[in-house]
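Here the chain labels run A, B, C and D in written order, and each chain numbers its own residues starting at 1.
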Amino acid sequence: MQIAMIGLGRMGANMVRRLLRAGHECHVYDVSPDAVAALVAEGARGAGSLEELVGGLDAPRSVWLMLPAAITGDTVTALLGALDAGDAIVDGGNSSYRDDIDRAEQAAAGGIDYVDCGTSGGVWGLDRGYCLMIGGPDRAVSRLRPVFSSLAPGVATAPRTPGRSGDPSPAEQGWLHCGPPGAGHFVKMVHNGIEYALMAAYAEGLNVIRNAGAGVRPPEADAETAPLRDPKYYPYDGIDLAEVAEVWRRGSVVGSWLLDLTAEALQADPGLDQFAGRVSDSGEGRWTSIAAIEEGVSAPLLTAALYSRFASRGSELFADKVESAQRLEFGGHVEKTGGPA
Amino acid sequence: MQIAMIGLGRMGANMVRRLLRAGHECHVYDVSPDAVAALVAEGARGAGSLEELVGGLDAPRSVWLMLPAAITGDTVTALLGALDAGDAIVDGGNSSYRDDIDRAEQAAAGGIDYVDCGTSGGVWGLDRGYCLMIGGPDRAVSRLRPVFSSLAPGVATAPRTPGRSGDPSPAEQGWLHCGPPGAGHFVKMVHNGIEYALMAAYAEGLNVIRNAGAGVRPPEADAETAPLRDPKYYPYDGIDLAEVAEVWRRGSVVGSWLLDLTAEALQADPGLDQFAGRVSDSGEGRWTSIAAIEEGVSAPLLTAALYSRFASRGSELFADKVESAQRLEFGGHVEKTGGPA
Amino acid sequence: MQIAMIGLGRMGANMVRRLLRAGHECHVYDVSPDAVAALVAEGARGAGSLEELVGGLDAPRSVWLMLPAAITGDTVTALLGALDAGDAIVDGGNSSYRDDIDRAEQAAAGGIDYVDCGTSGGVWGLDRGYCLMIGGPDRAVSRLRPVFSSLAPGVATAPRTPGRSGDPSPAEQGWLHCGPPGAGHFVKMVHNGIEYALMAAYAEGLNVIRNAGAGVRPPEADAETAPLRDPKYYPYDGIDLAEVAEVWRRGSVVGSWLLDLTAEALQADPGLDQFAGRVSDSGEGRWTSIAAIEEGVSAPLLTAALYSRFASRGSELFADKVESAQRLEFGGHVEKTGGPA
Amino acid sequence: MQIAMIGLGRMGANMVRRLLRAGHECHVYDVSPDAVAALVAEGARGAGSLEELVGGLDAPRSVWLMLPAAITGDTVTALLGALDAGDAIVDGGNSSYRDDIDRAEQAAAGGIDYVDCGTSGGVWGLDRGYCLMIGGPDRAVSRLRPVFSSLAPGVATAPRTPGRSGDPSPAEQGWLHCGPPGAGHFVKMVHNGIEYALMAAYAEGLNVIRNAGAGVRPPEADAETAPLRDPKYYPYDGIDLAEVAEVWRRGSVVGSWLLDLTAEALQADPGLDQFAGRVSDSGEGRWTSIAAIEEGVSAPLLTAALYSRFASRGSELFADKVESAQRLEFGGHVEKTGGPA
């Protein structure tokens, strides 16, 4: 079917490629003319402006946005002015589901369908397919079904869940209409919240193994630090983490795609020396914890994973200084210096 | 090769079956004669006592234990009396790696090799293979290689990690000699610590989605409870969790074997009404957190997953009462009654 | 000075009493005529409606609100219609500082000063004084200084901080102009976030002592539960918690007013049997964690204290069921039944 | 009464001074002759060796140790050889209660009473008195009552808990016989676990206030970082933390001795620039979390406070690198550089 894509970065460009491969008619636009040209060379129809893009589409139009969250809002506003009743906007980026709710209300006032589509798959999506979590009105979701089907990985990419039979449902193909506007980004948001926690779980565990030689290091004997009670139980200096990640990939309970990637990273750079350990977060992890809090639902791991990222960027420094100051005040403890413990 | 198995429960019996299929000569013993008889019917050689078992083996003997942690110690003591220098004991159960260190010391005094083997795979291992994490002396580990190879899933069960070439290493087949005595159970212990956290990550995330209709419930208006600031942002009552788990199985970043199982469980019983929510823990999760603490390494998610299990069994009740008492003291707040929030 | 109070519940009524004692002219209004009558009997001037209240005040008027957060907004709206430029509204309740920012903007449009005043002290404030954290324009804060001084505890209620000299600052008297609109409730919000964590810290610690007899209980010997490694190190059944809380009150590092109250509660009811352990939360704890998240600042304890309250009310039940379901799936583990661990 | 003190560091020397002031006969020994001489000049009787110390005491002897945990064990062993049945050893340092249990067993074999005494008070104890948490046999605890009374702060140092009447109990004076050997250090251990959490609670809260100007900083607009949804709600740059800590000292729910010290530290050095934020831990916090885990009791705040100290010393670095590596693998996200967030 005919679909327009605005935003031809890493994600948007590959999604267009996957749609072209499936035979869809893709109209594309980006602030970078080079990005447009590259896809035109691969079979897309390019536009030099948003207006030109919209003008080249047949009604009812479908315009998909893959833009940084920070500029999606302005683009939606511009689009709402250019589209007609019956048209549809799909926001496939990392917007907050709250923005979807607000924008869908605005769009509905003009008869335009607003669809939010949480998209997972990263740089691998072109070949692996994209997992799509969708919110919005039935009319547009039904019409866009061929696009969702082409972007999604397809049922063959995982064994069928026991208990499921008959024609595979959309979820089994890798896309799901989750509910009303925002529901798609809500589910994607939680997906990312979980993702943060899965990543941190492996990271913490590998770190515990990496420090299993604590008993071999010379003990400190001063009034402040208690000696390790049983150093003989921490003799494991130098367990090979790349091999550990590799062995867990087959037959274990912790096997996952993230583990596959972790094994690959450790295989390539066993000490991960190319990294400084400053872990970014993109918003969804924050919003997931905020949702848990506002719902009154406990989510200790999801929030711990988020806080651990903040801390990796130094957010705790002042809090730590407060504690050092308190220790000096009540116990006369002077801060120790030295490298990482 | 020839191998003896003591302990024919769920795990032990299936491991014998997998070894028989691979052509190994399996001698088996269990306190339950029925368990022995069942495997004899499948081709194993049965023994009526530990002594008979040992007596039927050629030197150097290899005796594998798959027993509850609580009785492994006594069995090892008995075995050490029955075996000769050059023989090997393999503890494949869920022992603490600290016991391995102690027992290996004892065994070494008599020239006996003590091998610890953390075994992951659960009820699925018979067909899927077992992931084996091994500690102990090279001599025994080398000799037992054919057994490890047969129990492990084999290289074909996962795509090869990019960057690896040549003959597949043991880790790529699903077994790894991690280090000296205890190293296998240490790595398996951390594996389980990670497993707890992965499980809790999905559980928390699904719970956040399940409560996404918080804005639709009637608000409470009293002095104590602040109203939800923006109820309009929590309209998602009844998102289908089985479908959500299913859609995440293809193309998403959170795909894993645990997610496959979660999808299956939700497919079979969407409300999970058959469960009371009392989550057991088997020791490894505790030991992982203790190791982190003794190493001086932060592991907030691993410990949060553990504490969440304790709390599911009521461990926080008294602490909660203390807080209710404090609130009454300083603010005159009387405890509210009612069902779960 | 002349001051009007709207909302004569537990907090509002006692604040009026404290102001009357200090010689201020207090005009009072409440939806309950009885509440008004009670304070009129103690020297306040009553009003039968908000309009009557406002009509009885000299310009520039000062109207203080002590209302549930859920109805403060409507009252402010009504008041903004009744007041004149130069008048001041003080919100002394538990409003979100975000509402302050929005309302102050509205008020400023009409030349009215909006002051937010976070108030700590609970049922003890009448005698102990109230700790006041204030935000808003200088003009109104300066004018209300006599009221703040009378409500605050006064410098004599704590030893002077070493390093401070000269005339005691307002902070040393127990009230502080923290910054622009909302800054008072922001600081009060964080105060409550800290309060939750302090309470939970004592609660958790007392619970660890309460369970120090774990080694005396009969151990479970099955394949799932690992035995306590060293039961001999958990022999302390029945340590007297009321005595422990009491001994910590003198000379220890953990002395605090909350500890005093905890000791009192345990003295009166050692098992805290009158409580069910369902701990309410009033909003500030949630907003504190949300602020931490939006600021990108790690606050693991503040959020853990909040989540622990959610969990005390059953919020984790479904998540726990997910984990029990996962355990059944991969390991064939059937949920154990029985009372709290 | 007559009492010997071994270990004349910061704590031991001040305890001797407090005992001398109360009229006790103090015999003292330390590896540093200068430390001995200093106290002899203040009225103590010095000894040049452990044997000389013991030789100068009347039976039944009482020998108090205030030594680093790392060397207490060897000193106890030496003392057990020098003392007679009926004598008593008091370990007032920061030993693990497990060592107490082991050592008390040894001591009891020779008829010697082993008393463990957790001591809180730090550098302030000389004037403020020490809070004493005691374990061990009744015989020795009874005999040492005068010493405990003199070291403890006394009942007058805090208002009496409502509900208590009659003669003040020892707990009301500041010392408590908690139970059998190790019970004193167990209670002190948990005391310190709580202390860590109280400290972190204030530290986190102050850090949230310190970052309340997040909305005033220029936002980042890229694909990775979501913009702060409502920057207008984070306008509070530069709230005066020393004033905030001060105002909380009077009338608020979070008043405590630790808050007093925090206010003092912020008054002296508002930015805490003299500290690097590397927070030490002395053992008790670790043991408290381990006790919670082994008891099967959830203690999320106590452990979070501990982990936060580990993280302040860099323990999470490798885990953070793992997460950065995973992000690069699945999303092509390159680590950002720059200063603390």
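Here, a residue touches a chain if its C-beta (ideal position, glycine included) is under 8 Å from a C-beta of that chain, and two chains touch if they have at least 3 such contacts.
None of these values were measured; they are calculated from a predicted model.
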* To do: Compare the CA centroid of chain D with every other chain's and tell me the farthest one.
  => A
* Taking each chain's centre as its mean C-alpha position, how far apart are chain A and chain C in Å? -> 37
* Asked: Once you find the CA centre of chain A and the CA centre of chain B, what distance in Å lies between them?
  -> 28
* To do: Go ahead and note the Å separation of the Cα centroids belonging to chain B and chain C.
  => 43
* Hunt down the residues of chain A that sit against at least two other chains at once, touch-wise. => 98, 122, 200, 202, 204, 206-207, 211, 229, 253, 257-258, 264, 281, 286, 294, 296-300, 304, 307-308, 310-311, 313, 315-316, 319, 330, 341
* To do: Between the chains shown, work out who touches whom and classify the graph as line, ring, star, complete or other.
  => complete
* Asked: Along chain B, where are the residues that touch chain C in the complex?
  -> 9-10, 68-71, 94, 96, 98, 122-124, 199-200, 202-204, 206-207, 210-211, 219, 221-227, 229, 257-258, 261-262, 264-266, 269, 272, 275-284, 286, 300, 308-333, 335-341
* Within the complex, which stretch of chain B touches chain A? -> 97-98, 101, 120-122, 125, 128-133, 152-155, 157-159, 161-164, 169-176, 178-180, 182-183, 186-187, 190-195, 197-198, 200-202, 204-209, 211-212, 214, 228-230, 232-236, 238-240, 243-244, 246-260, 263-264, 267-268, 288, 291-292, 294-302, 304-305, 307-308, 341
* Asked: In the complex formed with chain D, which residues of chain B make contact?
  -> 253, 281, 286, 289-290, 293-294, 296-300, 303-304, 306-308, 310-311, 313, 315-316, 319, 330
